[in-house]
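Chain nomenclature is as follows: A, B, C and D, assigned in order of appearance, with residue numbering initiated at 1 for each chain independently.
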Amino acid sequence: MDKKVAIVGFRMKSAPDLVTTRERLTFELTRGLFDDLGIDRTAVDTTIFSTNDFLDGRTISNVFLDGPAGAYMRDESKVEMDGINALMYAVIRILSGQYSTAMVVALGLTGSQVSPYLHVEYQLSPVYDRQMRLLNELSAAAFQARSYLARYGYSEKLLDEVAAQALSNAAANPNQARKIPGASAEQVASSSPYYEPLRELHCYPPTDGGCAMLLASAERAKELTDKPVWVLGMGQSIETFYLGERDLAKSPSTAQAAQRAYEMAGIRDPKAEIDLAEISALFAHQEPLLAEALGLLEEGKAEEAYRSGDTAISGKMPLNPSGGALGGHPISATGIIRTAEAVRQLRGEAGDNQVGKAEVAVVHGQDGPCAQQNAVLVLGI
Amino acid sequence: MRNVAIVGIGYTPVFVSKRRDVCIPEMISEAVENAFKDSGLTPADIDAVVFGNMQTFEGVNLPHLWSADYIASLGKPVMRIATGGTTGMSAFHAGYYHIASGLHDVVMVVTYEKQSEGDSQVGLMGIITPEIMAMLAAGIDVTGQKGMGAIGGGSAGGISYQASSYLHHSGAGIEHIDAIAAMERRNAAKNPYAHLKDPEATAEKIAQTPLISWPIRFGHVCPTSDGATVCILASEEKAAKLVDKAAWVWAVANCASDATTGNLIEGIITDPAEQMPAQIAARQAYERAGIEDPKKEIDYVEIYNGFAHQTLMFLERIGMCEVGEAHKLLEKGELEMSGRLPVNSSGGVVSTNAIGTSAMNRVTECALQILGRAGEHQVEKEVHKALAHGWGGLMQYVTITILADKPKKL
Amino acid sequence: METSEATFITPVVPMDFTYNYRIGPYMTRYLEGFKERKILGSRCPACGRIAVPPRKYCGVCNKVMEEMVELPQEGTLENFTVGHVILEKGQLKAADAPYVLGLIRLDEKASLLLHRVEGVDPSRVEKGMKVKAVWKEDVEGDYGDLDHFEPA
Amino acid sequence: MEETRVVNATWDISTFKFRIEGFGINNMLKKMKEAKLLGNRCHQCGTVYLPANFYCRKCHIAIHEPAEISDHGEVMSYTIGYADVRGNPLDEPRVSLMVKLDGSDTWIMGAGEDMKPEDVHIGMRVKVKWAEQRVGNLQDMESFIPE
């Protein structure tokens, strides 16, 4: 895709507990974004929410958010999935020519308000898995972790190393919720066991967070910012719901989504052309697993890549320089927060987490147990 | 902007109170199969899927995940849309934009509700459960007997204020609400996919149903239904290859007002019957469709009417007649299938309400009228342009879709 | 815009919403099979894969699966995890003792069946172990009839 | 069509730690002890909210200016209840009003007293009937009565 749609600004926030209401967080993020850009709410042609009824504990979870987002008497809709899909809808709406700007507002107050693991519990089949009570988000992820490690003969230490890298990156990032300065593989390995091989620090923390992001057509983007970040490609795909039928060691739907996004962006050799990746890896094993599916790491070479420092902030393929979802997972907003982190990198504004000069980034978001559904964005300057 | 056409429609074989025979994805798959049969397409032809329902009505989070294997979606992009009562049309709009953007050529939109699996009152109360709990602590009286914030209205709640205000400002009487409800139940009797059907319905019969809260009677209220609707959309190039005749999207628009600030006491700034979002969205849709005089140019209308007075009220709000004129059109028989401005010949939401499908069915019913495929409930006049309306949220969301019998000149 | 506890109200909602799900004909067949201590699956007419528990569609081929097949009661442990926690209404709690969950292959063409694996020291569980179904004494056509698997 | 078995599952609302906006309500309740209604005003467009709102939904800015609101107003809409929320008939029809208080741009709902159902009409003038013993509770405002 040519430079048709750009991200022109964003505001994000996350913490274990933001001590606020959904309405206040929405107002704060959107008002802040408008102030940053010197616009008011009438400059937003359409607003796409990304919230979830089961996270917010209410039917039509955005029903009170139109006003605080500035959408009173204006055009809005809601994508109930990970926020990256709401962003894709915003891009689609701008590409249609009907809208020249579109704002995405994504929220997940899962640290302070609700137990995050219920989110996946409610996704399970109520006529089987929820009756059997064997499967949950963590036990499912554990199967995926073991399956992945076994396929390539990786040791469980890989999980500790992946988590340590992510947590160290997160500690340096002011936007992250979980801060463990100097997190080490040993520290990760000594955290409490959940479902083997997964331990506490291999898993995402409950997080409050949100992000408001404004996208614009090429023409409008030039008026709104000197530093547009372009959406060059996007793709999405879903695989079967049934865990017992999936190849858990791979993520074929991520590979399909990436293929679509790369084709649109004209990327032939992702390892060479992509400067960094922000991946919604909710569990340590998912980062290398998804990076392989995204064509960023060679299959079976994850241990070498992590040990040689290739995946670090200073490496040749930095993965989650922001700290990723192990540093914070405000469900519903995570994918769009990953996008915002990639935008910071491409603008050279990522501070201590900056990877050096970055021109092309790939962003990933997921939904469903063991990442049943995956979405991929390619961003560039 | 590209032209987009409806090339296939599939309903579950029935819309009823309780589908006791199937689980949720099994029910959805029936409508998917019917849409494939109707369009002659196969799963390989579908580029992307849009999926919509109100998930708290069934208590399944992101139900497209569970349904993925039943909706021919594996390996495809799937987007889940949920906006409350408007969900069906919001999902349709998303399908439209998928194609108008140039990114996809053929998109399937899947909507459903199986309301018998949950308690619909509970699902609706779920919109404001925490607020109700907080207000109870602050002294609110939910029975409506005393105190500030005592809503009243019984099970009709805030809707009764809307109906009351509508009657006052339009000059219509409760007998007109009885009459429009009767007309729609009679229409429903001719629609195989309608739920509450009564070929003998009359205003007098409706008037005998007990009052819930003035001016809403039981006979004015929609049922809760189980059912699914699927619509397949295609770009102009694809549609030309696929079908001889299609219903074409000329405009889509939507608008949100504001519910309340998160408490139950303070209301929106406008009168509950003013429905400013309907006025704004309709105006936008007419502009986008190049319609100068909707009264002359629109041949058929489907209104989202969870409550019978809304057919009349929204006809006025979207500019299909003057304020105070809708009940006069009704008296003259002009809203009937044989009339000058036929409306809800499907029976409307007041006869069938599987919520996720309700706003979508307004669009598919307009398409059937344009295609001349509405069977027994086909209107007498020729339908060249039709308007579908959706409504939801806490009375604050409105969606509009305008369809026509030929592609729009771009 | 600073907020504090005083800016909001924190209501307690003492209730849970209950839903009533129809299980549909396929899950009915599966549970009916339990009455005869049978594990049933449905076979895809196109690719021949077997879904266990049975269901209507083969998502890959988009074909309706009408044929029911009975699966063997003995299979191979393909994947497993040892649980040290339990989730109760989403809250993590320590388990009384470590326990084993396994993904079991009952037939080469069949999907993996998730179940508890008992009668084995959690630290000695291995991929590839042979396991067999253990039924409750009184089977009544309910989800719990197939109680667990144990080493064969 | 054969009927199939029913199984249950829940949405555990009790697991939530909800926080909802309390700024306007709490301020209003405090003042109700003095038989007064306190809202706030947008300093930019002048819209008056009761209860107070932390932002103006028209201007989309934070607002702070308190505004005392009259306890007299006009009926904007009304309904007469004949059945409770479960559909059971009531002994006596019940008047409920939606009232726009003078000086406020929002409406509030409340019970109507001392008025026959057939006399209630849109545009009717009403005033708040305050409880004699006020405790800072929504029932400090007992009802609306004719002006």
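The rule we apply is simple: a contact is a pair of C-beta atoms (placed from the backbone, for glycine too) under 8 Å apart; a residue touches a chain by one contact, two chains touch by 3 or more.
For clarity, every value in this text was computed on a predicted model and none was experimentally measured.
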{"item": "Of all other chains, the one whose Cα centre sits farthest from subunit A", "value": "D"}
{"item": "More contacts between chains, B-D or A-C", "value": "B-D"}
{"item": "Rounded Å distance, subunit B centre to subunit D centre (Cα mean)", "value": "29"}
{"item": "Rounded Å distance, subunit A centre to subunit B centre (Cα mean)", "value": "34"}
{"item": "Whole-Å gap between the CA centroids of subunit C and subunit D", "value": "49"}
{"item": "Residues of subunit A whose C-beta touches two or more other chains", "value": "20-21, 23-24, 27, 54, 57, 67, 72, 114-115, 118, 122, 126-127, 131, 240-242"}
{"item": "Per-residue multi-chain contacts in subunit D, two or more chains", "value": "2, 4, 7, 9-13, 15-22, 25, 54, 57, 62"}
{"item": "Residue list for subunit B, restricted to those that touch at least two other chains", "value": "19-23, 56, 59, 68-69, 74, 123, 126, 129-131, 133-134, 138, 258, 261-262"}
{"item": "Category of the chain touch graph - line, ring, star, complete, other", "value": "complete"}
{"item": "Footprint of subunit D on subunit B - complex, ascending", "value": "19-23, 56, 59, 121, 126, 129-131, 133-135, 138-156, 160-165, 168, 210-216, 218, 258, 261-263, 265-269, 271-273"}
{"item": "Interfacial residue positions of subunit D with respect to subunit A in the complex", "value": "7, 9, 11-13, 15-21, 54-55, 57-58, 60-62"}
{"item": "In the complex with subunit A, residue positions of subunit C that touch it", "value": "1, 3-5, 7-8, 13, 19, 21-24, 27, 49, 51-53, 59-60, 79-85, 87, 89-92, 101, 103, 111-116, 127, 143"}
{"item": "Interfacial residue positions of subunit D with respect to subunit B in the complex", "value": "1-4, 9-11, 13, 16, 18, 20-22, 24-25, 29, 47, 49-51, 53-54, 57, 76-87, 89, 94-96, 98, 105-111, 113, 117, 121-122, 137-143"}
{"item": "Complex interface listing, subunit A residues touching subunit B", "value": "21, 23, 52-54, 57-60, 62-64, 66-67, 71-81, 85, 88-89, 91-93, 95-98, 119-120, 122-127, 235-242, 253, 256-257, 260, 367-369, 372-373"}
